[in-house]
């Protein structure tokens, strides 16, 4: 159960509705997912986060599918149930298949393992890895 | 300062040396980084982790650069200094430039933000995201 | 489903009952929440944690509502479902409204984002921030 | 050592310089801290994150000192050395003294403890805590 | 709901079935738990993780019950619901009773608390703790 | 650099000195480590945390070395440099050798890996693992 009301389109004011319309138009869908309905309790936060998502997830130096897979990797590491579901669905829509998801998870698992070996044993960074500027 | 000795090639026994040789040969380098020198305190662990890294990071459904960037994303999320340095260096070797690193970090930052918004507000997963099998 | 039995008041021994009575009296409520019923499997732990909560959450240099909001911020960051619910309810009882909760979450989200940007890029601390003693 | 160059004011282009000027003007300071110098490797990210910080940390339903203390609480929980230093310095500038910092840390510590007791024992949320909408 | 299909024994190919048989034989049980059914979507990952678990959790310098309790401690810290259930069950099978579980959780809680006090206050490591090699 | 002054024995008041004396006496050492010198900025917190440590780490259902190793496991998972050093030193004092430390780290690494596989794939808990009360 959420800690704030989920604001439906029909119950939203003009500020929220403008963002909802932009989300649906940008994504080519006809529904709003719960994440935005929760943020709509503060229209300024709703707009701010949506503008961030649009800017960060747009094609750029990395392609959108790679970005979605990075999102899935972080969400798995942080144990965000909502985000694992929503971004795995988004990555599948952009072309991720089961084999790619399983390999992604294998990397995430291994990285979480070796992160703790390095941190737990306090292994010093090799000077060879330090970038020279 | 590390919590165990770093085992140099010259001081290593045959089990460790065999893994060190395989690391250098597989990677086409002539030195061993500290991570492996720390694991070498337990030769079975050294071999096990190296075999895992070889299997998981090999080309497959995902290309090796994407895998390195996922590794960097997890290491940033977990705050592993050693791994951020070593895997950012590896990703640069495989073609990641500054623009790609900055975009990668932008996705990592945003995912960490929205993960907490979703978790902190206990937003329920939309049924539309649940996979049907 | 919990990993230990939840100890009801009616089934509790005198050590547990004394803590339960103090919780209800201190908080002015007539029921015990599940957190304490789980800890009651070890009466010494039940008493110890309750005494810690009483001491730490009492008014002091910070007011109790600020303390509850800090608790909510940590619980969102760590993804503790139980604690998000119980401490958000407590903060609402002490005066937090929806606008405050949404701003609190906005800060939590942003901090989680910039924490990873700073950690992931290994940004060195400016000497200007180092306290002089 | 940072993983990207730190961009000094003298070496920055007009987009970066405009943000740097706004940071110094908004904060009433005459220097730029390393966090922004690292983000300046991607001027769009620099502007985006700065606009987020300005919006989120402005006075609103919560006062700025409370927001800084929440930032410190999250940074301690995530172990962000850079952010602990920069936001503790900011909180001190806004009036946090040693007694307040120690109480803040006491709450952070306790929340991290009870978060794990609740998660580790999988304690079910009491229906009394579920908000009714 | 899982993000991949759970592969039942009856529906599995020879590679998966060989691992399932080894799991049941090694553990002396006649069923496969969901963790392996999910990994079976990538038979190479299934085999790799199972071989790791067999090697790491075998009796060695630490006894198997201590290893299970360490697994429970990490799972509580990371908030892994699946792992808390499966490894608490495994630890109980190896002799952990309620008193031991409660003490284990007390240590986990305290460590999570003092970790944040040390990190949040950036307390420098005493030279007395640095190992001499 | 710490965010608060480290309070030396010679500069401490009677409340702090009483705790310092108890720490040295209980542990049979003649010096105070930095953790306590930082907490001494709030004598009530210093006493509270010390009393918690004494109670939780005392011999009980688990032996003190197992408790120290659990502390090391949590500290590695959370990346607490201070705690990794101090509790690894404490565990060595109680009998942990290099082989035990390496096995401990192997379990910590593996648990961190499988925690993310289970969380990232949202694997449902088997009913066989649910305790019956």
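Order of writing sets the chain letters: A, B, C, D, E and F. Residues in each chain are counted from 1.
Please note the rule applied: a residue touches a chain if its C-beta (ideal position, glycine included) is under 8 Å from a C-beta of that chain, and two chains touch if they have at least 3 such contacts.
If you're wondering where the values come from, they're calculated on a predicted model, not measured in any experiment.
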Matching chain pair for B-C (criterion: over half of the contact pairs shared, by residue number), options D-F, C-E or A-F: A-F
Chain pair, C-D or B-F, that carries the greater number of C-beta contacts: C-D
Centre-of-Cα separation between chain F and chain E, whole angstrom: 20
Centroid distance [mean C-alpha coordinates] between chain E and chain D, Å: 34
Shared interface positions of chain C, touching two or more other chains: 1-4, 39, 48-49, 52, 56, 75, 77-81, 84-85, 88, 99, 102-103, 105-106, 108-110, 112-117, 119-122, 130-131
Chain E to chain A touching residues, read off their complex: 3-4, 39, 41-42, 45, 48-49, 78-80
Sites on chain B touched by chain C in the complex: 72, 75-77, 79, 81, 84-85, 105, 108-110, 112-117, 119-122
Residues of chain D defined as touching chain F within the complex: 79, 84-85, 88, 98-99, 101-103, 105-106, 109
Residues of chain C that touch chain D when the two form their complex: 1-4, 6, 31, 33-35, 38-39, 49, 52-53, 56-57, 60-62, 66-67, 69-71, 73-75, 77-83, 85-89, 92, 97, 99-100, 102-104, 106-108, 110-126, 128-131
Chain A - residues contacting chain D, complex: 1-5, 44, 48, 52, 55-56, 130-131, 133
